[in-house]
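See the structures that follow.
Next come two complexes built around chain A: one with chain B, the other with chain C.
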Partner chain A sequence: MRLAISYLLGLSLLTLLMFGTNLLGLPLNTTNSLLLFALTIIPLIILYPHLPSTPKISTSPSKLNKILKGIILVLSLVVLLNDSYRIVGEWDSLTLYDFRARRIVETGSIAKAAEIQGSYFYSYPLFTSLFHSFTYLLGFSSPMLIYGLIFISFLTIFYSLLRTHANEFLSLLGTILLIFAPHLFWHAQIAYTNLAYATYLSLGALFLLEWKDNKSTIFAILGMFFTGTSVWVRSTEPFWLGNLLLFLVIGVSNFRFKDIFYGLLFFYPLQQLWKRYVAAMFHNVESTVSQIQGSVATVATAAIQPTFLQLLSDTIVFFTHSIVRPYAPVLLLFAISLLMQLTKRRLSLFLISLIIFDLLVSFIGTYVFAITQSYWREIPGSLERMMMFISPLIIYVFIITIDSTKKNYGQ
Partner chain B sequence: MWLNIPILTLLFLDVIYYQGYVTRLIHLPVKYLVILSLILSFILAKANKSKAYVFAIILFTLYVLALTVEGVTHQGFVYEVVHLRPESMFLFLLPTLFFLLSRVINSKLNLLIGLSLIYYFLRLTPIVTVQLTSSTREIIRAPIASYDHKMRLNWGGFYDFTKLVNRVTLDDSVIAIPPRSSQHPLIGNSSFFWYFIYPRTLLSLPLQVEDFGNATFTIINGTDPIWPNISFPTKHLWLYRDGQPVVEYQDILYDPADTRFQGGMDIAELEDKL
Partner chain C sequence: MVNKISRYSHYILWILITFLIFIRVKSILVSSSNFIKTLEPIFQHPFATTDEKLTMKYPRYYPLIQEIKRLTPEDATIYLPIVNIEYGQPLWALGQIQMTQTLLYPRTVKKYSEELTDGYLVFYTDTTQGIIKLE
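For the complex of A and B:
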């Protein structure tokens, strides 16, 4: 697990360093990229022994567990094999992520690349574009292996976090469920931002839950740093809010104010970074408060129009089509988990609240989008992909719930 | 148990014949049969066949195998060989696997867990299998393929056309393109097209072209309706058709009514403005 955490931390740190130093005037070329890579490695080496590791719990060897491990291994290797072959070739990555990366490589400057592409450049933060640039600067022809390694790191950390609570069979089953979760396997093989977003956001939440039980500050820091990185991957979605609320509720209710300070220290700069940069580039000095006031006024005005009920009904249909139907297998696991927890009267209150909160946010967000944007129906695929992060949270609660019933299948 | 067997047999007919065969036979949507079978298995669950799960695993493995074979060959291959339709198997396997589970497990809660897992894997395995086989199939077919080959796999003839554009235009060329619309999804999307032909500049023009502005070249998209839909003289014109050699004309008058320009993608160098 340490290696997997280091990899995800390293990707975040490297891209942040590339961004920060380039803004300060350091050109992005091969030598400087290697220098920044070395600078990323140093704190990781120092931090490595303090990172959480996979729990070593001795269990009697089981044939079924070996089969499950074999399936995970084969599917992971297939992802790596495909990624070593694939190139960046999908629509969004060509129009934005990889286009930016190639212009950054050519000009050595983020500002110059932005000047070439215009306002579209600022649509999403530079996380994936910068690691594309990094691989091109090092002479590789494709950055796809990085996506495969994000996926494998995700699986490794997810398994390890499950293993601290559940038996080996259930942890392996949960990991296989994760591989099969909607979109994840495919997104490990294409150059979109959704896999990285789902990885950082859901692992951020799971680290915070671990912090609740484990009480170790490192989990609070990891949880909030990963949540912050999810905003550095995709800044438009507000799901970081759920993780932040979870963090504050756990911290305040347990009087862990020192951890709250450290967590916010690692989260807030990342959450603000892209927003502030874009605002500075457009000389937009409007305060956050006045922005919120403006948005609330727009939505409130639209919401009291006579057509709002029709729009609400359209949103429900759209939401059902884009979220409920494609995620039906995962949502069924959630329904069963809730049923089991209610029967046993042992609720994983924090995680269940977070999942319900995120689902509500996605519905309300869709409704607000429908009110404010005329083309809102044209993005069902985008909404579907955006919700990829919900599957790991639901699978986690499903496995933990089964384990807590103490009926160990297959063992 | 004996109530369930006829229902499952009926559902299997869709796998042998075609999806919708049973509906035509009994004038009832198949999903009602599936729900009925699931309810029967749930209510009448009796754990007396401890080895039933082995049969369930074999059935599921065969299903995955059928999907994989179909993925690496072509759609319809499994039907051609064994006369079974993998695409119709979901509605048969869901109640069948649950029925087999109900012969191994008594507890209602555990049955619900089992049902949710069966549904999960039956719904999502085909998707992952298709994704897995479609990628690996290309690796097996062309293990050391070039960048061009891989791009062609993604974007077909459009990619070759962008290579032609790069070949016949200069880096500082300004190329007129149609507006972004469903008729011109690739060429009309300047953000997308730009990736392939950067550093050339794209100039997005309206559907009804009156003037080419400062463009030095223009795209001709021979879709229906053809774009641009006005006549104009050209210095050079290159006709691109998938899989055919590029045809080059000099000093030719472009006329949208001319059938030579219909049904393909072309690039024309515009005459200098006086």
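For the complex of A and C:
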């Protein structure tokens, strides 16, 4: 797990360093990129022994577990094989993420690349574009392998976090379910931002839950740094808010103010980074609070319009089509988990609240989008991909629910 | 043995439930064929170049892009026909100015208009495609 965490931390640090130093005037070329890579490695080497590791719990070897491990291994190898061959070829990735990367490589400057592409350049933060640039500067023809390694790191950390709470069999089962969850396996083989977003956001939440039980500051820092990185991957979605609330509720209710300070220290700059950069470029600054106030005002204004009910019913239909239907298997697992936990009166209150909060945010967000944008019906695929992060959270809650039921049977 | 089965029956039940939920028969078939399709080129063309891979992905569109690149200078203006090609059709991307602009960079790509004066106009029919130099 340490290696997987280091990889994801390293990707985030490297791209942040590339961004920061280039804004300060350091050209992005091969030598400087290697220097920045070395600078990224140093803190990771220092941090490595302090990172959480996969729990070593001795269990009797089982054939079933070996089969499950075999399936995970084969599917991981397939992803790596495919990614070592694939190129960036999808519409969005070619026109935005990869185009930016190639212009940054050509000009050595983020500002000049932005000048070439115009306002479209600022649609999303530069996380994936900068690691594309990094691979091109090192002479590789495709950055796809990085996506495969993000996916494998995701599986490794997910398994390890599950393993601290569930037995080996259930942890492996959960990991296989994660591979089969909607979109994830496919997104490990295309150059979209959704896989990285789902990885950082959901692992951020799971680290925070681990912090609740484990009380170790490193989990608070990892949780908030990963959540912050999710905003550095995709800044338009407001789901970081759920993780932040979870963090504050756990921290305040347990009087862990020192951890809250460290967590916010690693989260806030990342959450603000892209927004501030774009605002500086367009001379337009809007605070997060005023954005939330704006959304609330929009919904409130719409609620008194005669078209309110019609638009609401259209949004429900659209939401059912874009979220409920594609994620039906996962949502069914959530319903089963909820039912089982309610009957056993042992609720994973924090995680369940977070999932419900995120689903509510996605519904309200769709509604706000429907009110404010005339083309809102044209993005069902985008909304569907945006919710990829919900599957890991639900599978996690499902597995720990089964595990607690099994323990009850045992008793 | 009986003990072992009863010990695992709980797990087996959950495997069945979860897999039934996750993978319906239709989606298994669809994903398997897609899955094999994505792996095919690795074995058929293991040493393909980036251009060859893009040609495999966009069979009519990408060769046209390469041809335009070959025939026009980097400062040329390329006019795209006003088309509405259905998504998934071989030349679908021709209607997407952003995509064509990306692949033809640093050339300027514009939609066809009555006032075009200098540059190159892209044309296509059911079976062929190319460019015409505007004088």
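Note that in this section the second predicted complex is superposed on the first by the 388 of 411 C-alpha atoms of A that agree within 3 Å, B and C clash if a C-alpha of one lies under 4 Å from a C-alpha of the other, contacts with A are read in each partner's own complex, and residues count from 1 in each chain.
Please note the rule applied: a residue touches a chain if its C-beta (ideal position, glycine included) is under 8 Å from a C-beta of that chain, and two chains touch if they have at least 3 such contacts.
Note that this is a predicted model, so its numbers are computed, not measured.
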item: Chain C versus chain B on the shared chain A, clash or fit after superposition; value: clash
item: Of chain C and chain B, partner touching more chain A residues; value: B
item: Touching partner for A:I402 - first (chain B), second (chain C), both, neither; value: both
item: Chain B versus chain C as contact partner of A:F169, first or second or both or neither; value: second
item: Which superposed partner A:L333 touches (first chain B, second chain C, both, neither); value: both
item: Partner chain in contact with A:Y97 - chain B first, chain C second, else both or neither; value: neither
item: Partner chain in contact with A:L64 - chain B first, chain C second, else both or neither; value: second
item: Which of chain B and chain C A:S141 touches, first, second, both or neither; value: both
item: Partner chain(s) touched by A:T343 [first = chain B, second = chain C, both, neither]; value: first
item: Partner chain(s) touched by A:L177 [first = chain B, second = chain C, both, neither]; value: both
item: On chain A, positions contacted by chain B and by chain C; value: 78, 81-82, 85-87, 89, 91, 94-95, 99, 120, 141, 177, 180-181, 189, 329, 332-333, 336, 402
item: Chain B partner contacts - residues on chain A that touch it in the complex; value: 75, 78, 81-82, 85-87, 89-91, 94-96, 98-99, 102-103, 120, 141, 177, 179-182, 185-186, 189, 328-330, 332-333, 335-336, 339-340, 343, 402, 405, 407
item: Parts of chain A lying in touch with chain C, wherever the complex brings them together; value: 64, 78, 81-82, 85-87, 89, 91, 94-95, 99, 120, 141-142, 169-170, 173, 177, 180-181, 189, 329, 332-333, 336, 398, 402, 406, 409
item: Chain B - residues contacting chain A, complex; value: 107, 109-110, 112-113, 116, 119-121, 123-125, 127-128, 131-132, 135-136, 138-139, 143, 145, 147, 150-151, 153-155, 189, 191-192, 194-196, 198
item: Complex contacts: residues of chain C adjacent to chain A; value: 8, 10-11, 14-15, 17-18, 21-23, 38-39, 41-42, 46, 50, 53-54, 57-58, 93, 96, 98-99, 101-103, 105
